Amino acid sequence: RPDAIARPDETAAARSMVDLAYGLIRVLDDDNRAVGSWNPHLDDTTLLRMLRTMALQRAFDDRLFRAQRQGKTSFYMKATGEEAVAIGATFALDREDMCFPSYRQQGILFARDYPIVQMINQIYSNRLDPLFGRQLPIMYSARAYGFFTLSGNLTTQYPQAAGWAMASASKGDSRIAATWCGEGSTSEGDFHNGLTFGAVYNAPCIFNVVNNQYAISSYSGFAGSERTTFAARAIGYGIPGLRVDGNDILAVYAATNWAANRARLNLGPTLLELFTYRAEAHSTSDDPSAYRSAQERQEWPLGDPITRLKRHCIDKGIWDIARQEAMDLEVAQEVQAAQKEAEQNGILGHGLHQPDQTMFQDVYEEMPWHLREQSEQAIRERALKWPE
Amino acid sequence: MIQALNSALDVMMARDDRVVVLGEDVGYFGGVFRVTAGLQTKFGKQRCFDTPITECGIIGAAIGMAAYGLRPVPEIQFADYIYPGLDQIISEAARIRYRSAADFICPLTIRVPFGGGIFGGQTHSQSPESLFTHVTGIKTVIPSNPHDAKGLLIAAMEDNDPVIFMEPKRCYNGPFDGYYDRPAKSWADHPDADVDEGYFRVPLGQARIVREGGDLTILAYGTMVHVAHKVIDEHGIDGELIDLRSLVPLDIATIEASVRKTGRCLIVHEATRTSGFGAELSALVQERCFYHLEAPIERVTGFDTPYPHSLEWSYFPGPIRIGEALDRLMRE
Amino acid sequence: ADRPPAARRDRPNRQVLAAPAVRHRARQLGIDLSAVPAVGERVSHEDLDRFILSRQPAAAPVE
Amino acid sequence: RPDAIARPDETAAARSMVDLAYGLIRVLDDDNRAVGSWNPHLDDTTLLRMLRTMALQRAFDDRLFRAQRQGKTSFYMKATGEEAVAIGATFALDREDMCFPSYRQQGILFARDYPIVQMINQIYSNRLDPLFGRQLPIMYSARAYGFFTLSGNLTTQYPQAAGWAMASASKGDSRIAATWCGEGSTSEGDFHNGLTFGAVYNAPCIFNVVNNQYAISSYSGFAGSERTTFAARAIGYGIPGLRVDGNDILAVYAATNWAANRARLNLGPTLLELFTYRAEAHSTSDDPSAYRSAQERQEWPLGDPITRLKRHCIDKGIWDIARQEAMDLEVAQEVQAAQKEAEQNGILGHGLHQPDQTMFQDVYEEMPWHLREQSEQAIRERALKWPE
Amino acid sequence: MIQALNSALDVMMARDDRVVVLGEDVGYFGGVFRVTAGLQTKFGKQRCFDTPITECGIIGAAIGMAAYGLRPVPEIQFADYIYPGLDQIISEAARIRYRSAADFICPLTIRVPFGGGIFGGQTHSQSPESLFTHVTGIKTVIPSNPHDAKGLLIAAMEDNDPVIFMEPKRCYNGPFDGYYDRPAKSWADHPDADVDEGYFRVPLGQARIVREGGDLTILAYGTMVHVAHKVIDEHGIDGELIDLRSLVPLDIATIEASVRKTGRCLIVHEATRTSGFGAELSALVQERCFYHLEAPIERVTGFDTPYPHSLEWSYFPGPIRIGEALDRLMRE
């Protein structure tokens, strides 16, 4: 029952709220009504914007997944079923707050209106890829959107977020940092490093653990979930730990908002566990049928976050099936149009979109002699391979 | 090669109940590259098991298991993810025998898929072998074909010192000759893919002359053995191709004899150039065969950049780069 | 900088370019490489061969 | 008040005893009486053996510290004031249990009757040093005494202990592992790695945090003590965390015994925080006067563990001042005699005690060609340096 | 050298309020080697502060600070303890500019005391510089004297890329010439110890010819510059001694010009031999000066063992080892 867990004041002592680490904060009840003390009472426009953003991400994921299967790129990662996690949080953060995501928080970019054609350019490593084809698809970087360059190495962003937040606080800046990792990734040493720095320096930082119950093939028990919750890790550092229904976007919003307020009041970091479910494969390189039953997906623990918000809006009388269908069509078309546009800049398979020199740039600010020499070699090789 | 590696693990787990296999996704699922497939079903969860995602923890726990008397074979999912575990490798695994005067030993075999050419981008393509060769107390072993993969892995598991066993993942399914734009070959009728089902060893520290020749010596390992082989053939050069197989300990005698014979030496690796293992090879050959050298020893390597996603074939030391060096060397 | 330039030992081969194998042969034959005329920019085995031949007294014809 | 914290049954659920992480388990009260449910009711012989072992260590530390000052070796580390931590634990462990200590648990060796002359040989890197002069003084290794080779790198022993314990359990062996690190060292990633492996695999392992309130110069706040206790870290992993008076050897014994019983019952790992005080410098390389007041030491939080046990024994009527003085003299003489004996094997400064070859042995089981070549070089150099 | 380093930090902290100093014991206490003494008192706890003991956390947090816009100068207490931080260095600091196409940068200066000869045993004596030189995207800088220490440290702090700044701790208090059994010298009247109090830079990537000479070229850095200098003097050889100062980027032009002039090259470092930075130097010199070489390039290095406590002077590449190599080189 959502209202079972009362929302404490943001200034309350961490010790006074350990129960929050063991329950499950919800706003939408089983009938999709917004109830309880965590209800953020969002206005209708915001609710519908949230709904549309989640739908857009779902459409994008589906389309780009197919693009990978069609051979237009090498790799893709969906976040199906987890849309509320990143989108709900981003709606609760300030636009200027800095995000240190893992690879499954593309929702931040959608919520901050990052141009989706740019995302596809990156995914295709094409001529207009802002990262010059250097990064694996979906490893975005968008400083202007408060989105830190994604790493392929798990959990390295945790201490980085703490450091960014320490810097912000030391400069009297009101901006805070937020970071995300998967439940499997909590085992890395850097999870501990992030929390230690956060706790010791009272850094204005939100540490999110997205518990989608799976790493790649291994379930959350291999990260410790059989003994306790991930939110409970917070207790060991003396900071608040909140366990949140990650498929309930209003709960995600409310918990993030609470943690952000606390951080801005200079009361330090919070750990949020977002309990959710990875509804599809780990990535396009993965086939989950080898390690879990198809039925599991049908049961979809906690339900589809889009469906839940949609029903809430319909019940509230601000939305209906027809508009939902129109919106679904609209976002699909938006993605399709962006994809078309991006394809004009090339797809991965179609030739070499970046001049070879770009490969040698940005290794350092200035190119040292050995990279200059190697770059000449690369240019010579290209001329031999593709004499024009 | 996957099957051969799997067979090596299978054979050793059956022979020696101290052998345990652990790592991310290696248990129930059988490994993201399927190298450990079937082992958990056959030997149980105490012998082959999934771990938390912490490379440092995996190596650290494996060291403790080795101290107990087991012979752990941890897998690091990609070489690119071994860095969090380097402290346990460098400060612990490599030092335990020495610092304890052999009171404790550390017979670990750390399996590490490495190398690029699979559009894996910066963090699924790296070749960090050189780092390990600088760390005394560990051995670094790299097979290039299924037969050696099995024989060397068994030898590594039986070795009483920690071994970094690096698997060239571009050759998991077939020998890769550098022509990414031609149909992929499988191991099907490759002579080195006919692997005995039972127990056999390929001793550590012994290189293999893949092809004898008098004109020049090529030193390579892993995937680059096949690429270099192809280029020699294409250029019609009577090159002597040596597959190092072990970087540490290195089979210096075979290398020396060859370069003294040919007077020319080309070194090929996929890793970035600066302080790559090619540097050590070049230095050794120069020190030991100086007065036999007719031309500068050349290194053909990956560039000193991260492994770029879309330009990975520009990064890769392929037939053109190797061919140019070969021609240059033979001209001198 | 105000240190007097260090005395240089007499090292005839100093500016002669050659592969180590060529140098080695020359040394074994007691040949001063700087005396060997080179066709290219460095002394080659062929240059050394020619030099050896040119140095040898014309061999007596063998009957 | 010692009896305020009741001893739960070893089989109790971790969740039921979170309070143990926040109190301070004591047996000896302010009048040095053994009270409360944690009282292990040790027999007189054991009490006096404990007392003597602590006294021996104190005498040893004092003497070897002076030896370093006299230039007989390069380095020494005392554990003054912390004797109860390792000695109390070792008395509670089985002789066959495996210890993965940090550098301040020499008490394990004293408690297991390791020959002290061997320790001094090691400290002097002399002819009979079992480690051939390879290791910094005090970095012992003693497999036959269940003492893992000490590392200079902090906290690496934590996941190792977990792995050893996993191996033991997997073989149906009843032996358990115990490991120690300082409170400053809890920040390392390996602290987290050890606890994660311990918790996930239910490893029969005792994780000890010796909170002596200082790292080198920095106080425990830099490891997080301002927000909560170190014992509370256990809560985040769902395992028991006990906070123990580390200067009360009976409390240390009782808590270790509880954790060992639990581990042997296959109920998994326990985290013990031993609250104590580093009464002297970090090491012979350190001068604490630069970062803490001399007065602090005089106040000596929790009191001298030796004095506390001594008073307890006297009050119990099994000990008296005269016997104490005799014992102090005896242990001093024992150390002195051992030192004398060790000095016959040489001290660090006196020439080279190890043949150069030993430097190249044990890098690998068999010496590869490059080390053989280097060893010949070393032998040649020695002959040039010291032509005999 | 300690004072010079302290002055560099002091000068830069005063000039640029983005500079922050962090590390184990660097704040209140001023560092175990006293390099950061007084900075916390002068600039406050936001600018110079103690950290938890986690090298990976220190580097990781510093990267985040750099992303914010600060210019962090973390200290790793001993080079031997940098391994837990390698993942953040290799996978993050070194890659951030590249992978983000300069959207983010990482101007870190990681200060790392290194090297042995202080009876520090295996874990207070190591020289891991070669590992860093294999990691593209970072620079590796090593001063040998107080003047360079200050000028290079300032240049490193102003550089917009991550720099590993390695301080030869055996030279903290004076130039060490390899004679451990003679009275220690202080920096007192050494010409390179006369350090300007204010701001000045020694640019990264420029070697320094410490002593000109025509007979052979010696490449060295850190402590070994002084040891090599002494040996040249003792042997009366007209050697050209080059203090590299930056390993990456390397001043190849100075090296090449010198070896082309002398025809002989000796490389000296304290680190273990196999895949040490000497290998890269040897390979480069051989590749670029091949036809000028009159004798094999030699490497004089530490042995491929952990740094042993009591036998540290047997490990150390001292006057005998260097002298033998010099004589051998000049004989050829």
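Going by the order they are written in, the chains are A, B, C, D and E; count residues from 1 in each one.
Note that in this section a residue touches a chain if its C-beta (ideal position, glycine included) is under 8 Å from a C-beta of that chain, and two chains touch if they have at least 3 such contacts.
In UniProt terms, the chains line up like this: B, E = 3-methyl-2-oxobutanoate dehydrogenase (2-methylpropanoyl-transferring).
Note that the structure is predicted; figures quoted are calculated from it, not measured.
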Partner chains that chain B and chain C have in common: E
Target chain B, source chain A, minimum contact steps: 1
For chain B paired with chain D, centre-to-centre distance based on mean C-alpha positions, whole Å: 40
Length of the line joining the C-alpha centres of chain A and chain C, rounded to whole Å: 70
Between chain D and chain A, distance of the C-alpha-averaged centres to the nearest whole Å: 44
For chain C, residues that touch 2 or more chains besides their own: 19-20, 23
Junction residues of chain E - those touching two or more other chains: 51-52, 54, 56-57, 80, 83-84, 87, 91, 95, 98-99, 122-123, 136-137, 248, 274, 290, 293, 296, 304-306
Two or more partner chains touched - positions in chain D: 132, 134-135, 139, 151-153, 187-190, 192-193, 196, 200, 222-224, 363, 370
Chain pairs in mutual contact under the definition given at the outset: A-B, A-D, A-E, B-C, B-D, B-E, C-E, D-E
Chain D-touching residues of chain A, taken from the complex the two chains share: 14-15, 18, 187-193, 196, 199-200, 221-224, 226-228, 232-239
Touch list for chain E against partner chain D, complex: 24-25, 27-30, 32, 50-57, 80-81, 83-84, 119-124, 273-274, 303-306, 308-311, 314-315, 320-321
Chain B-facing residues of chain E, complex: 56, 80, 83-84, 86-87, 90-91, 95, 98-99, 122-123, 128, 130-131, 133-134, 136-137, 248, 271-272, 274-280, 282-283, 286-287, 290, 293, 295-299, 304-306
Residue ranges of chain C touching chain E (in the complex, touch as defined): 3, 5-9, 11, 13-14, 17-20, 23, 42
Residue ranges of chain B in contact with chain D within the complex: 20, 46, 51-52, 54, 56-57, 59-70, 72, 84, 87-88, 91-92, 95-105, 136-137, 139, 159-161, 205, 248-250, 252-253
